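Two complexes are shown next, each including chain A; its partner changes from chain B in the first to chain C in the second.
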Partner chain A sequence: MSDLDEFKATYFDECSELLTELEEQFAAIEAGERDADRLNAVFRAIHSIKGGAGAFGFSALVGFAHAYETLLDYVRDGRIEMSDDVVTLCIRANDIVADHVSAARTGEVLPAEYGLDEKARFDALARGESIEDEDENGEPLEEFDFEFTPVMVNLDAVGPSDAFEMGDAFDLDDAFDSAPLQAEVGHWEINFTPHRALYARANDPLLLFRELAALGDMHVRAVLRDIPPLAEFEPFDVYCSWEISLVSASVTEALIREVFEFVEGDCDIVIAQVGDVPMAQPKPVFVEPEVEAVVEIEEPPADLLALADDEVADLLSLVSELTTTPTAEPLPDVLADPVQDIFDEAPVMSFAELAASIPPPPPKPAPVAPVRAMAPASDSEESTGRSVGVQSIRVDLDKVDRVVNMVSELVITQSMLTQQMDEALRAKYTELVRGLEVLAQTTRGLQDSVMAIRAQPVKSVFSRMPRLVRELSSQTGKKIRLETVGENTEIDKTVIEQLSDPLTHMIRNSADHGIESPEKRVAMGKSETGTVRLSAEQSGGNILIAVEDDGAGINRERVLQLARDKGIVAPDVQPTDEQIDQLIFAPGFSTAEALSDISGRGVGMDVVLSNIKKIGGSVHVRSWTGKGTRMTLRLPLTLAVLDVMLVKVGPSPYVVPLSSIVETIQCSRASFERVPSGGQVLQVRGEYVQVIDLATRFGMASEHASESRFVVLCEAEGNSKVALIVDDIIGQQQVVIKSLEENFERVDGIAGGTILGDGNVALIVDVQGLKTNVVHKSAA
Partner chain B sequence: MTTLRVLTVDDSRTILAMLHHTLSNAGFEVLQAEDGKQGLDLLKTETVDVVITDINMPVMDGIEFIKHVRASGQHQSLPILILTTETSQDKRDQGKAAGGTGWIVKPFDPEKLISVIHRVVH
Partner chain C sequence: MMMEALSLRDDMADNSAASAQNSLQLIAFSIGEQTYGVEITTVREIRAWNGATPLPNTREFVRGVINLRGTIVPIFDLRARFGDGQTSPTKNHVVVVMSVGDKWVGLLVDAVSDILTVSKDDIHNVPEGNSIDTELLNGIVTHDNRMVGLIDLHAVISGVRAES
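So, the complex of A and B:
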């Protein structure tokens, strides 16, 4: 990855965070929280997006963000009121910024007119508000666009990817680039009188001279005639000015002005072109003949300041002597020599530094040490202090994945060791056992920490949904409000990345099929605006993400009819309401009578199901006629490690995810009751539960020798339970999930495989899959 | 010549990363802070030769930051460069009034950035 690509990646990461921030801020602003903090945060977000975009030459984005930012600035100033219309416009503008960002990311070129309407509305808003203001403060408000045009042009000329070639937008360059080289030798005289403010802003004449010296042949004369007798000396005042002559073939006034750019306003400066004769001698006119302290330097020596420090020390001791001597007499004689010495060797030592080194008399401010004197401290702090301010690192996900894998293997090894300690050994080597226990704890802690590294709030996905809802709202003409809950819930990053599509699809489904038109809603006695609620919560080892709407609910009659028409459900089978609801996830099923633009893009909800299954999750739907629908995604916290119960079916070990197990029961064969459809049920505390004999299901002989059976009671989606018959229950442990699809192929009822501590392979039972499968099987 | 230490203060990771890249390539040692408050805290323990700061930042903006640095007494002669955008002349003036030494215009050009730093640092 080149540096530039890396910066771009950082930039786009940052943009998606900022866009999320914008969504959040505007959600609050829409809700009425229109305080300065929110506004500032919004402004900063747009400002940062624009700043980075400028660096990479994304000119369309820069242009739009700039206009938007200016609008926000006016709102901040109070020139434009944050009315509902402005909020709506801003939210629209956020979407446009997001589109520009994604276009910049993909290299797609948006139509030139994209966003122009909104830009025009920014203008109109500004003008509308400005009619009264403009006359009063004389500030024209339509500076929006044309002020910015030059930068746009520059960026375009440079091209999108040459971040480091982009000097054109740099103010200072104009002088360099546009100044024609002058062939003749120029001779400039510069009178430079710094003010106190120049030093107060940490500018230093020495540095200016250094820059001038780089331009040509330079002579500097210090003018010391204004230096008062030491008794009248005011440490923070500036008494020294300089006369500079600069001879160069190529220097223009603009170049000289540029050197003084930072000190403009903080000094008096007169620049005059004298002629083209190089000056051999300093012109006497600059110097008062009676002042001897006139020094010339060609270029400031590097060790000047070191010398100056010594001199300052001398001066300090002198000053302290003087201040303790009660004398009213003028002191020029005493001082003549030291002052002369100082200026002989350190002619351009600034008075600010000099003054800063002098302990002032009591009423003055506290002594100020020059930075240089503190420099040695940095050496000792270098090793310890470097990381100050760094709070997070950005790591390639691949690296984390490697660690995750290694930890997973460590978990297996640890459980293998534990497993292989037989009882005899346990009794004999108590220390070893204790060590293994500690190892188990540490491994678990390590694993949790590693998983935490990959965990991220679901916010990053949730934040994309408000926009989707707004779009759906305008496409369907329905009024829809999105509520989000639990967006700080953390899930494994790899899971989060897979969430966006299914969620988009589920929300589309809710908007398209769930929420009714405003008229219909009113007729039904509901509020005009429908609500889609997106929530996330942690539940044991799972994350539950739900999309809920208060719409019409699933039309079960139609769903069942369609399912029968498509041969998904056999004519003679009457599924339960719950099973009918679940049918919308059946492959090839779509309840839309005509494919709509919104949810019927050639894919049905079955895609949601398969996407979620791919990441080890499941989907459940529950519907209430006339009241709404809830679709729930159950996702694993992490993709890699699973807490399981190890069971035996026939000769083979199987594992059942612990998260779905409610309890284990031992019961007699007689407890199972046959039902007319051919299945079996088990009554558990008054509730009939569907029974699945894993041996039969997995094609093994179902001859169970003993009367007594082990039953693992599992919870499938929507609180429905299923009882799995197994031959033996071995125990609990952690396993590392290995994908069956990657290594073999997808098998119904099996969620994956794992390698046990003894080296055996065990299959992971997919409880929901088994249950759904039974429904379909019997339905087929 | 000893290595110059630069403190960069900006809430944009992109800008911080680009500054870091440019400055460390030029042989500077770079310290980073994400807002004025962090920058101030850092200056309590670290000695730097020059500061480059953004204006628009959360928690403590650049203007406040510069004022605080200047008011702290020990940093009166620390050069502070303001990283500004092309339209913020008034911000630049505010920055200057607060005690800013000079300014860099975004987007910055690496060579110019270095030369501007040399313009204010010994």
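So, the complex of A and C:
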């Protein structure tokens, strides 16, 4: 892999995280949390995606992200209200960004008009509110846009301020919605001259200005006097610099420096604090960063004194609105004549500093807000911002997998050692026994910790589903609402990866076949909008993930009829309702195209079943006619290790997952009864349970006499039970699950394999599979 | 993991130095009087028979699965596959572990007999017919007056489920 490919891979990893974050943020925004933090997080995410895309030359993505960013910027500025329409548009935009990212990843080329509608709407929204259209054209990234609109800029028409020596300066004040404040008061003067390297590192001065603007009232002037004649113009050189004046009370030089922290070395920055001096000097004076250029105000300037009290009040409230920096020193009391008194007491402060220390006259001091409510622009800063208090590293999954595998082998070795200590040895070597016990504990702890590394909240899969539901909703014309519960439930990373497809199928199924059309729903007395509820919870050693809908439920007659037609169920068998529901997962049931138009279920559901089985899970479906359907996935917490009971069937060892075992009974004590079909049932506390003799079922001759055999009572899906007859019970242990399908294929009744302490392979009994197969078997 | 196979190939290096692309190297193994061969590049490992855990609901030529350094590998009884009944394996029987596509499988055979270099031109089609041989062989090569059947691994490992 070349370096570039690696960078790209990292970028795409980050993109998927950022897109997930976008989904999360908008879920909250949709729920009404329209605060600045959310908006900033969205802005950051889009900006990071754009930044990387620019570096790799994904121009379509950059173009779209840029337009989106502009809109977000306006929302942030308050020029556009975060209305429901805007939220909807943004959510759609997230989808488009996601599509662009995946197109960039796969190298696919999206149609040129893709996303143009939305982009046009951004532009329209932005124009509708913006002061001047030209605003955006001043931005350096404009050339990435889809449509290029040349804009005539009449430099002569731009009126340079007379205090400013710049016949060729271009006033960008409008872009920052200048407040009525002018430069007469004390302010910071910043000369910012970017070098080539700054652009080469994909930094954008505009973002720095935005951050500065967050600190106070800002004026920016672009210094264009160095632009050479076109003939000498070197496209990659930098000819533009900026002069910024920042009127802000509480801003310190350090804060300003911080804004430029990430471009340090790639530009010249001169920061000077100016009191009553005119706004710009003819030549920028370089001030060493350490030197605080505090200008003493011995006497307030005449024009300042002219400011009436009202104006001061306005000004102060404005300043405290703009500044969000907590003031270090205690705030002085509100004085009768604040300005004058403070001038008397503290003459060595700039006006800007003074203003900060005075609370706005009518209300009490502005609440202390986070120092930087505005988005930090750079990626590295962003990541630190996101993970406050949690330190994390990004590790290649392969490396973690290797550790997991080794721990698994350790678990096997440990259980092998324990297994081989027979009673005689135990009595003799007590120290060794104790050591083995400690080893067992440590192994267990190590294993738990390693598994915890791989555990992730299911959020990463769940967050993809709102988009799916939106798409389905628009495709089917149904109104569907998605509810998610328990998205912080953690589950093994490999399990999560396998979840996406099954969940997609299940939700699609709910939307396609479960939820009725709005008219039909209203006619049935239901709400117009159908609800699909996606939930996750931990239950013992399993994770239960359920997709529920409040739709029509499974049309059992149709399903049974189709199953009979296809020979899945014999004509003389009458399955229970529950068995019929389960039929939608039957292999072969859903493959025929003719079934796709049924009003019941069955499109692609065998895919769900096979995917879930592959990761050692099971699926259960429950339906209530007219009320809805619930599909539950039961998944192992981890794929690697399982607590099992080791049993013997004929000559071979088998393991039964401990999590499904209810109890074990000696055959002689169990009360079996014959049923007319010739099978056996077991009566356990008044309940009749289906009996499966594993030796018969697996075609293994049993050498044991029936009285020494055991019944293992297991719980299958939906609280139904099944009794397995085995020849012997060997004991409990931990095993590492190995796939049979890796080198072979699925075997009925077997969920996988495992390696025992003696190096032999034992097969894992698929309890659910054995039980559900009964219906199909009797059909065959 | 590749050691055995690699060393086999190293041994062959001298013999095969002269052989161009037109030749094929085979590992030959025997089942009773019959000799069969597979291309040497597919062979990963040769190991002694040490039992296998039987798989339920599979046909008789699936002997079960073994643990190959942490991976579960199915073992196919080649004699049974050719319809001659299951092998009664002893410690002297051999499992040839091969890769078929991305899967690893083991073939239970009586013994590994030789490494052969044959010319591709010498490969003949299997005579048409309804026999199992036709289905399971890719071709026939004559070597030192012996007939060597070229195993079609994909065919050998297919159809494993027991008919119920």
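In this text, the second predicted complex is superposed on the first by the 488 of 780 C-alpha atoms of A that agree within 3 Å, B and C clash if a C-alpha of one lies under 4 Å from a C-alpha of the other, contacts with A are read in each partner's own complex, and residues count from 1 in each chain.
The definition used in the following text is that contacts are C-beta pairs under 8 Å (C-beta built on N, C-alpha and C of every residue); 3 or more make two chains touch, one makes a residue touch a chain.
Computed from a predicted model, the values in this text were never measured in an experiment.
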**OP:** Mind working out whether A:K738 is in touch with chain B, chain C, both or neither, as first, second, both or neither?
**Re:** second
**OP:** Would you check which partner chain A:Y688 touches, where first means chain B only, second means chain C only, and both and neither mean what they say?
**Re:** neither
Subject >> Which of chain B and chain C A:D748 touches, first, second, both or neither >> reply: second
**OP:** Scan A:S48 for contacts with chain B and chain C and give back first, second, both or neither.
**Re:** first
Subject >> chain C versus chain B, contacts on chain A by residue >> reply: B
Original post:
Can A:V761 be said to touch chain B (first), chain C (second), both, or neither?
Top reply: second
Subject >> Touch list for chain A against partner chain C, complex >> reply: 405, 409, 651-653, 697-700, 738-740, 742-745, 747-750, 753, 755, 759-763, 777, 780
**OP:** In the complex, go through chain A and note every residue touching chain B.
**Re:** 3, 6-7, 10-11, 13-14, 40-41, 43-44, 47-48, 50-52, 54-55, 66, 70, 147-148, 151, 163-164, 166-167, 169-173, 199-204, 206-208, 211, 259, 261-262, 265, 305, 352-353, 356, 365-366, 368-372, 374-375, 377-378, 381, 385-386, 388-390
Subject >> Contact footprint of chain A on chain C as seen in their complex >> reply: 51-58, 64-67, 70-74, 103-105, 160-162, 164
**OP:** Mind listing the chain B positions that touch chain A in their complex?
**Re:** 2, 5, 11-15, 17-18, 21, 31-34, 38, 41-42, 45-49, 56-58, 70, 73-80, 85-87, 96, 99-103, 105-112, 116, 118-122
